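The following pair of complexes shares a single chain, subunit A, combined with subunit B in the former and subunit C in the latter.
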Partner chain A sequence: MKGKKWVPWAFLALPLTMYSIWVIYPVGRTLFLSFTNWDGVSRTMRFVGLENFKELFNDPYFITSLVNNFKWLIGFALICVPAGLGVALLLDQKFRGNKVYKTLIYLPMTLSFVVIGQIWSWILEPRSGALNSFLALFGIKGISWLSDPSIVTYSLIMAASWRQISYAMVLYLAGLKGVPQELVEAATVDGAGSWKRFWNVVLPMLRPATVVAVTVSIIDSLRAFDIVYVLTRGGPFYSSSVMANYMYIKAFNNYRMGYGSSIATIQFLITLGFIVFYMRNVLKREAERE
Partner chain B sequence: MRKIILAMLLVSMALVAMGAQKLVINSYMSDPEPKRVFDELVGQFRELYPDYDVTVNTFSHEDFKVLLRTWLTASNPPDVVTWFAGERMRYFASRDLLEPIGDIFENGFEADFPKAFASASSYGDKIYFVPQSWYWWGVYYRKSTFEKLGISVPVTWKQFLDVCETLKSNGIIPITIGTKYLWTAAGVFDYFNMRVNGIEYALKLTNGEIPYTDEGMKNVFAYWRQLVDKKYFLDNATSYTWQEAANFLFTGEAAMYLMGQFIKDVAPESVKEDLDFFRFPVIDGNIGLYEDTPIDGFMMPANARNKEAGKTFLKFIASTEAQAYFASELGRLAANKHVPAPDAHAQKGLDMILASDGVMQFYDRDTDPEMANAGMNGFVEFMTFPNRIETILRNLEAERNRIYK
Partner chain C sequence: MKKILFYLFATLLVVVWLMPFVISAFTSLKSMDELMLERKWWSPPKEIRLENYSTAWNNANMGRYFLNTFIITIPSVLGTLFLSSLGAFALAWYDFKFSKVVLMVFVGGMLIPFQMLLIPVYRLSISMGVYDSYLGVILFHVAFQLGFCTFFLRNFMKTIPASIFDAAMIDGAGHFMIYRRIVLPLVIPAMAALGILEFTWIWNDYLWALILIQSDRFKPVTLGLVNLQGQWITSWNVMASGSIIAAVVPLVVFLLFQRYFIEGLTVGSVKG
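Now for the complex of A and B:
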């Protein structure tokens, strides 16, 4: 198609403009603010260089938030993704009611995180919540899901996993449909047991789905905010805080927009690192295929 | 003929529409009772001033505190907002985000409002805040529980400890508290601080003049610790909002709650009559009796579009009739000094305050917001891990140095 080089640009103009206004500009401004001490309210601000970042890395609550994000990452990538795969494998077989199960497990994906948070705050209620009442049937004393600082983050990850597993399941169900049956049958004919069939034939064919599932899970874990904010606000005393939550409290509750911006910048850079890694891997594979 | 009538109708409608001044009010009164009463008050205002097109936006109480900042810095903020007196208001006034509204008091602020409220409503020599109601804090308790166990209302600290022990040994939670939203713990801190160190000390602390590692502070936590160590507080307090914790008081599972008068807003009808309060016990007989009396009211953003309409509303809210209505419906005390206490319960609260030697706003209403947040998180951490108090105070002191330098 010769000439008319401006045609693609014409099509891209509108999305690029919107992207610039609502994504690029705010990111740039946040980066700028992280070098100031703006309180989000006054009309003036002072440039403070790297002071916010220096304070950040000496701030025990920020370190806690960072560590918690890492726990979320492990939870999402190493537990939710395999669990989603397991559920998808189970539901991929033909049996009565299999569509009903798929719908039920898919349900959390239709709910907003705030609603999920509200539901789980009732489930995890220490005295009369569903979980502790259930455990009481087995004689297990009530666990302080949300007020024990040593387990609160795990409780939050549990609540968020409810949805993350269903997300992974959907990805894998779609991926399994793309596994050619002839390959699996050929393996059976060759005498491969069901585990060998899975590990050597099915799983490698699911690689694209796995890459997407793991990457999105990592990014979601770094972004975690809604569940934390609705259930505990990062409490008790910041023990369940994650970067997004801590950033919000610092910027909007404590009137330290500059400091909050520096937290957002760090979060952005970490996420960017993972995305770059993903893009290079995926694009490399796409290029190799061509 | 028809066309002429239609034209006249349209023109008069247009005139009315042009004449109708808009007024936008943002309120944090999200609990059902205050919301109802405020809606009724606005209804009364609409009848008095039919030319005004009034919109009331209600926000959840906790979220409002975060949203206010964005409204005050926007170019089209609401004309009137609810808020708190004291440092919370001065934070914005000092940044030129509020409109001085002293001119709505025709005969001056002190003609209708107590002198003691003037400083909490001003910044510099200008008034930015219209007080509407205030309330006292006390130890609310279930009369029936106390009667059943033969407990009499404690006055001294030793008596209070005995009451807690009696309750606990009878399987009742002595003190309920919900610290998910931190400020309830600040109330407990305020009372220990005022009883152990007095009001001058407390005010200096909120001003950032006293180190958190001071001996006086350590004494505060030594007394508080007596309650924490004996597990007199509700378990898992950090899981509950203050209303959820109050439920334990209403079901009878708990017996006492250090809380403001507004606890009655959420009490079921059947329990309201069984609720009474007593003054927080005396710890040091040489120190005066000081109480927390937070003041709620209204203020106007500096960028408000309809200042005239807003001031008319503020004048209405400051009037004796409006203040009396709000107070009597909710059992609060009106800021307007011409309004008598609405019922016996409020009279008791008023008497307790009038018999006190001084009053404070509240830890998080008198301290710099960031320091307040750090402090309150420290209090909640102390309640869970009392052994950490030394580290907590050291960290708070580091925060104080950073913020107040």
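Now for the complex of A and C:
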């Protein structure tokens, strides 16, 4: 549309101002704070250069958090995404009632992680929780899902996967709409050759869905906070801590805003690559359209 | 035979998948005695105890939290829909310097880790005098959700043929008139889809309420539910009722508007 130069800016004025104040400025501010020792209360702060970052990489709890985030990333991108694809392929076939089946599998996606955390808290409860009571029926000794430092992160990922798999499935079911039904059925039903057909024909056609599912899963895995906070608060002894939750503790419980900012900055730098990848994807699509 | 096996497998999958729901629903209806003595989480309650719900709603204050969530969510959704439709309008149809840059700023912002915003947003709310109020959380949600909403609506607006405006332009309609009279009515279906998605997202928010709200009387249902842990941790049945109260609205909204919800969520995964 043609018009005076200022016209689009007039429309953008309000949204862009709000976005600048609550999103753009905070990003810059956190980057800045990560080089200071600000405690969040004092009027003054000291510029400490890279001190915070040096301390971070000697902080065993931070390293644990970083490694745990990596486990979340693997779980979300390499387990939830393929699992979502599997369920999507299964339910995409024509059969009576497939809508109902899909709707039921979608349901966890609508829940908040707080509710998911609550629900799983009595499934994973060690003494009389549902999972251990169920295992006891087969004579299997109960597992300390949330108090054994070597398992707790996997328990949390399992609880979060419940929602994440639903999400991946939604993305794939939408993607499958663009793939001829016969191809999918042929690739899922009969034995020999179907694997090849799936790998060479169906999967490439699902590439756009895969790109979105993987990118979103990675970003979500680095954002993990609520469910950790609700179920374990990062414990026992930080063994299930993730960066988001360690940052919160450092900044808001220990009043180390500078140090907390440097944790956020690390998270930001890790995510940045994926954000840029996503943006390039969007721009490429734009170019194709024009 | 194949068909039967298929149904058997699909049904088994759904049953296992929904087990956590079923367990919570049953737990919310049982007495503590039954829960602790029987330990059969997966079996239906012998005796239905609806009073768990009234305990959660009244004694555990879930009723108040529930209302607070509405007070926060509805203005947030409306505000972000309105503002993003303005921005999307500018980005969809005007050719101007930096239009791609502005678009990328919105796209980039929606993917940022929240921790990057926590401290400054917390400080801002204090200095603006909106800390510990509904307004503080609402303002943040409106602003932050602009990223996704602007991107979403702009892509939708791009699909409207430009010829529609030409006639209006010749008639001498102003730019705002075109936005209001021509574009807005056309975008309403997309805004509905987006609104439903945003509604559940903001409803389910926990982190921002945790950062920006302190007083019990302003807390939304997610924050309230975590609060219950302190006092009611041993009353699993009340906790389960509370969880179901917190979950019921997004669940119903989803079941009613499933098509819109999914449309909103899958933008971009179908084509390119």
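Following the convention adopted for this analysis, the second predicted complex is superposed on the first by the 248 of 290 C-alpha atoms of A that agree within 3 Å, B and C clash if a C-alpha of one lies under 4 Å from a C-alpha of the other, contacts with A are read in each partner's own complex, and residues count from 1 in each chain.
Note that contacts are C-beta pairs under 8 Å (C-beta built on N, C-alpha and C of every residue); 3 or more make two chains touch, one makes a residue touch a chain.
Not measured: the values here are computed from a predicted model.
Of the two partners subunit B and subunit C, more residues of subunit A are touched by C. Of the two partner chains, subunit B is the only one that A:R256 touches; subunit C does not reach it.
Of the two partner chains placed by the overlay, neither subunit B nor subunit C lies in contact with A:P82. Touch criterion met: A:Y278 reaches subunit C, while subunit B stays clear of it. When the shared chain is aligned, subunit B comes close enough to touch A:P236, but subunit C does not. Using the contact criterion defined above for the overlaid structures, shared-chain residue A:P149 touches subunit B, although it does not reach subunit C. Contacts of subunit A with subunit B, set against its contacts with subunit C after fitting on chain A, overlap at residues 40, 252. Subunit C makes touch with subunit A in their complex at residues 3, 6-7, 9-10, 13-14, 17-21, 23-24, 27, 35-36, 39-42, 83-84, 86-87, 89-91, 93-94, 96, 99-100, 102-109, 111-124, 139-140, 142-144, 146-147, 150-151, 158, 162, 165, 169, 175, 178-179, 200, 203-207, 211, 222, 225-226, 236, 239-240, 242-243, 246-247, 250-251, 253-255, 258, 261-262, 265-266, 268-272.
Residues 40-43, 60, 124-127, 144-149, 232-233, 235-238, 249, 252-256 of subunit A are the ones touching subunit B in the complex.
The part of subunit A that touches subunit C in the complex is made up of residues 1-3, 5, 7-12, 14-16, 18-19, 21-27, 29-30, 33, 40, 87, 90-91, 93, 95, 101, 103-115, 118-123, 128-130, 133-134, 162, 167, 170-175, 177-178, 208-209, 212-213, 219, 222-223, 225-226, 229-230, 243-244, 247-248, 251-252, 257, 260-261, 263-265, 267-268, 271, 274-275, 278-279, 281-286, 288-289.
Looking at the complex, you find that subunit B touches subunit A at residues 65-66, 69, 72-73, 91-92, 95-97, 179-182, 235-239, 369-370, 373, 377-378, 380-381, 384, 395.
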